[in-house]
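Note that the chains are named A, B, C, D and E in the order they appear, and that numbering of residues resets to 1 at the start of each chain.
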Amino acid sequence: MVAVAARPPRVTGRRFRSVTLGAAGLLGFALVLEVAPRIGIVPIDFAPPTSQILVTLADQLGQESFWTALLRTLGTWANGLLIAVVAGTAVGVLLGSLPLLHAATATTVEFLRPIPSVALIPLVIVLYGPTVRSTLVLVVYAAFWQMMVQVVHGVVDVDPIARDTARSFRLGPWARVRYVIWPSALPYVMTGIRLAAAVALILTVTGELVIGSPGLGKEIDNAQQSNAVRVVYALIVVTGILGVLINVVIRQVERRVLAWHPSARAEAVVR
Amino acid sequence: MLEVRNLHKVYDGHGRRVTAVGDLTFTVPEGQFACVVGPSGCGKTTLLRVLAGLLPATSGEVSVRGTPVTAPPKDLAVVFQEYGRSLFPWLRVRANVELPLKAAGMGRAERRKLADEALAAVGLSDVDNAYPWQLSGGMQQRVAIARAIAYQPKVLLMDEPFAAVDAQTRADLEDLIRAVWQRLGVTLLFVTHDIDEAVYLGQRVIVLSASPTTVAEDLAIDLPATRDQLTTRSDARFTELRGQVYARIQKVKAPASEGAPA
Amino acid sequence: MLEVRNLHKVYDGHGRRVTAVGDLTFTVPEGQFACVVGPSGCGKTTLLRVLAGLLPATSGEVSVRGTPVTAPPKDLAVVFQEYGRSLFPWLRVRANVELPLKAAGMGRAERRKLADEALAAVGLSDVDNAYPWQLSGGMQQRVAIARAIAYQPKVLLMDEPFAAVDAQTRADLEDLIRAVWQRLGVTLLFVTHDIDEAVYLGQRVIVLSASPTTVAEDLAIDLPATRDQLTTRSDARFTELRGQVYARIQKVKAPASEGAPA
Amino acid sequence: DSSEPSPAQSGGAAQPDKVNAGVIAILDVAPIYLGKEKGFFSKRNIDLTLTTAQGGAAIAPAVLSGQYQFGFSNAISLLLAKSQNAPLKVVCNGVNSTGAAEDFAGLYVKPDSPVQSPKDLVGKTVAANTLKNIVDTSVRASVKKDGGDPSQVKFTELPFPEQLAALQAGRVDAIFLVEPFQSAAVAAGMRKIASSYVDAAPNLTVAMYFTSAKLAGENPDLVARFTEAMKESLAYADAHGDEVRDVIGTYTKIEEPVRAKMTLPKWPAEINRASIDALADAAVTDGLLTAKPDVAGLLP
Amino acid sequence: MRFLLRALLAVGLPVVLVAAWWFGSAGSQDFYWPSLSTIVDAFGRTWTGAMFTEQVFPSLWRLLVGYLLAVVVGVALGVLIGTFRSVRSLLEPVLEFLRAFPPPVLVPAAILLSGIGDRTKILVIVFGCVWPVLLNTIEGVRGRDEVLSDTCRTYRVTGLLRLRHLVLRAASPQIVTGARQALPLAIILMVISEMMAANEGLGFTVLQFQRGFQIPEMWSGVLLLGVIGIVLSLLFRVAERSLLGWYHGQRAGQREW
């Protein structure tokens, strides 16, 4: 009655379809951006068409400084994201499972969250100077909240019967987090990671841009100051591509860890 | 031992105030198999949740094995009425059964052995690797039972645990639970809607009244300790006891029947 | 009319491949009350889901009232086995019952009347303003039944609809369903684990075999059309039919019993 | 003149002093890059590291907190800082306008614009890269000089790269640009109506290098060496335009043809104190400052 | 009683922190770290009368419009993407591409497209805070209970009724999470949108203070942003209570300990 079967070909076919559609979407987007400046919807001098951006991008790919900047940006991004995700998850689980603590910190959190990173720039510079550290602090500050709020809501979302089951079997705090709270919060966590990943990337670039710590953002600023419009757009496209790649990776992870979730289940049933 | 003294429970919120349990007092001695029957909505589940330390009583005292209940007591297992939602959808069947054992710090090999035994006992040896939501309702319910058995509790609370299985399987499970009860000497509180089942299984049947809930009847079942589906159920004493419970329930039901089905 | 021809259904995914329904063929004529019994996990729920157009068959044909099923057919209602999850937690009881009527474009007054009637019929007039999660299991199940009744379907599929209610309520609901069936002339497919119930309710009992599922027995119930809990159940013919179904099920169960409860 | 280096000044020359300076990646700071390349700093025992940032938001706090030893900032920002009693001190000149009609910055309108001269800007909107700073002060000076009422000119903040597009789209009436954006505007056919830096004051000192009061007090020797090296760099840059155009290519992304043609500013070694004084007065008139700050205290 | 406890919890920690800040920073000579009393002093001087109506109100108005637009757009798009797999496959890469754009470099593009008025600033706010709403809506729509979906299908609850009573409600806990995330983001983006092409507004003013070395005034602006955050979150909580009453009831009903 039970046989472990290889993945049915339909699923791979579907994956192929989805990749094709995704590529088509990007292509269509690129096409719009190619055509719009060419027919004068936006001035071509300030919004170069896709083809020109890509040529410039190819040129950038040949430069060592670009790769150094890219690696630096990725390094800051990865560090910041990691810290934000770990800290955000830990604090989120804590606050989500201890309503009193949550209530006690809510006002403070609401006060701190809307403080824009730009306003914090002088502060971090005074502390760490215009270094990667400063950018990192900004990245963590912004991405942490995204993660924390998602996790808090995710923890609340645990099915009450599942929670009672865990309690009645006297699962300890750690086991409850590990086997009950974490899995049910996981869909929220994954969304949190996706949000935090983008925010971290945005703040890495912004931080570099404004503070001047080395990386893509600084290159963008430099290109802006030099009126090198195409380089600016080429670099922005790079951040966009990074965004797409990051999402692909996260989706892949999600497919694995959320296989049991209704959102994934429904798609695996042979219909 | 389970002690319930003057238990009173009111739900209040979202524009609704319900006295789920009026005034309930009874004691289940250590190692007894007690069945609870009562009309739908009379507060059986509420009672079990209070006993399991999942819900605070509005007033009254509840203690399990001598300790007043404020949190889930040690060595207690519950089979929930909502069996489907009490299984963790992210864990496969075996992992679901093993989880409480793991939390109790049991070694891998022993855990596995107990889980395998329990799954075999409920007739699910071959689905240990499936997710709960890949199973039929009855199978899910059996997984929940297997989890409780594998845990080897001292006190076992079961809320209509056989509601979703077919007659044959139900009979088998009844015998299984009696065997487990005898082997482990657990104190068992068993909620059921099936009067025959209550009489067949228990040493005692507690009949609850409709809301506001009290104990309407507390009947000792003096059938022999070794029971079997054919002989016991055709026993004259069985029929008599069953008749008594039935009559009692009819009476209980009557006053509340204004709103009863047409 | 329900027609099932060579229905075959395989679940495949997450490393598990199960033939839920082997080869099923039967026809329920317009207006018939057919009961389905079968061991746990034999594919009853799967059959209902295919009939309701919620799940495509792997092979075979299914038609409802002459139209092949590709999507949920018109004028069909289902009472799900997972009654708790089939109620909208964000709607109060009455709104839950009224929603399908609203979708059908019915006016507010009529909707309200039908919902009130249905809720009264299942004995829940007083909880129309509660949320489903404020109700006991049995009450939730009755809300699901009320919703199906209020919808006044031409075809009604019920998956163990009385599993969570007490014996007395169950008897009342059985009579209610028969009354509704007679009044509206619906075609009824009723899954149950209670053999007595199947014989008491149906004009016909379809016994399914264990997996791979086929029709093991298709028995016409030739009891008089007007039935009542006392006289019908003590009828000699009732006992005979019940014995027949029971015997058949025992046989069906036997070959699959390697993994059955100890 | 500082052509006679004196490395012995630092006392020993064993370890060169590590100095961080925060600059903006624009052509104004070409001398410091050139000076570093030419060894004007290392021969004074200064190991100079240059870091670019987007603007004062990052540089000033870094200097004040000691993360940077020196920074580059425009004159108005420094006056604003002084008026808030920020503990900083100017060490030497940064960049000056050419003082001639052909400057490295200018006020532009569309070729078909009704605005013929700065006074026509009354009631119109001018884009400035940062509001309440040197640009609007200078533009107001142009308007005033042309006989218009400077208080009637509206300003909106728009970064240099966005200004030309906004002007062409008719979203603003005039823009004030520096190189290399000025070259782009000229190439696009925009019409220059004023060289506002020139109008603000003769040979206006646009920006200067500064340090924190703390460093100035604690290590006057280092400050003196940096100032000397800077002066040498400024003088060299002013005299070697071609080398300047080359060095700009090393730290900006300005393309070669633009670099070759654009107008360079002036880099005198000394601060034009009178122009700073004039700026301070203008800032008070325009309401940027409530009272005239202690200019003498700010400047070295 | 419960209300009192809640109020106490809400202000307890802030009071402690403010006190610590007040005494910790007293007499501070650092240029960038003025004492809290200086900041409060500046607050009183700065954010009163005309300043409030001329700088803060327009910003708040844009903030509100941008935020509400973002929620509406995020939910609408999220329902669409969450419901149709092919739409999701088609749009997800493009959206991820756009999502990675830093708003500061995006402002120029927005200016190019829609000028330098309020429209651009609102656009920037929408663009920045639509993402949490969108992502959460997509996941909420995808993750709804199958039995409920099946119930709707069999009872032929379709179209708008299905959208209202199933899709949106089932996703609402996650939509609310997204909206919650977006709220402080909107405030941040309000500031960012006023970093360029602006000549009035709260964010603009704060940045002016920063550039003008008016550090206590700048901090008082940051303080104001935080206070706005608190006020908006209180409003949000009121809205959430009525919207998600069933959800919290269902979850809290069995969690009285």
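Rule of thumb we're sticking to: contacts are C-beta pairs under 8 Å (C-beta built on N, C-alpha and C of every residue); 3 or more make two chains touch, one makes a residue touch a chain.
The shown structure was predicted, so the numbers you read here are calculated from the model rather than taken from an experiment.
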Report task. If we define chain centres by averaging CA atoms, which chain lands farthest from chain C? Would you check? Result -> D
Report summary line: Sorted by contact pairs, first entry is A-E
Report summary line: Whole-Å distance, C-alpha centre of chain A to that of chain E, is 18
Query raised in the report: Per the centroid of Cα atoms for each chain, what is the distance between chain B and chain D, given in Å?
Result: 83
Report task. Please report how many Å separate the Cα centroid of chain A from that of chain C, as a whole number. Result -> 47
Query raised in the report: Where the CA atoms of chain B average out and where those of chain C average out, how many Å apart are those spots?
Result: 26
Report summary line: chain D touches at least 2 other chains through residues 57, 60-61, 64-65, 159, 161-162, 165, 169
Requested in this report: Specify, in ascending order, the residues of chain A that touch 2 or more different other chains.
Outcome: 1-2, 43, 46, 118, 122, 126, 161, 164, 209-210, 224, 232, 261, 265
Query raised in the report: Going by the touch rule set out above, which residues of chain C reach two or more other chains?
Result: 11, 13-16, 18, 82, 85, 131, 134
Report task. Please give the residue numbers of chain D that touch chain A in the complex, ascending. Result -> 22, 24-26, 51-54, 57-62, 64-65, 67-68, 159-162, 164-165, 168-169, 180-181, 184, 188, 251-255, 258
Query raised in the report: In the complex of these two chains, what residues of chain A are touching chain E?
Result: 17-19, 21-26, 28-29, 42-43, 46-47, 100, 103-108, 110-119, 122-123, 126, 145-146, 149-150, 153, 156-158, 160-161, 163-164, 187-188, 190-191, 194-195, 198, 201-203, 205-206, 209-210, 217, 220, 224, 232, 236, 239-244, 246-247, 261-263, 265-267
Report task. Give every residue of chain A touching chain B within the complex, in rising order. Result -> 1-2, 159, 161-162, 164-165, 167-172, 175, 179-180, 183-184, 186, 260-261, 265
**Report entry** Of chain B, residues touching chain A in the complex
**Finding:** 49, 52-54, 71-72, 74, 76-78, 80, 82, 85-86, 88-91, 99-100, 102-104, 126-127, 129-131, 133, 151
Query raised in the report: For chain E, which residues are in contact with chain B within the complex?
Result: 245-246, 249, 253-254, 256-257
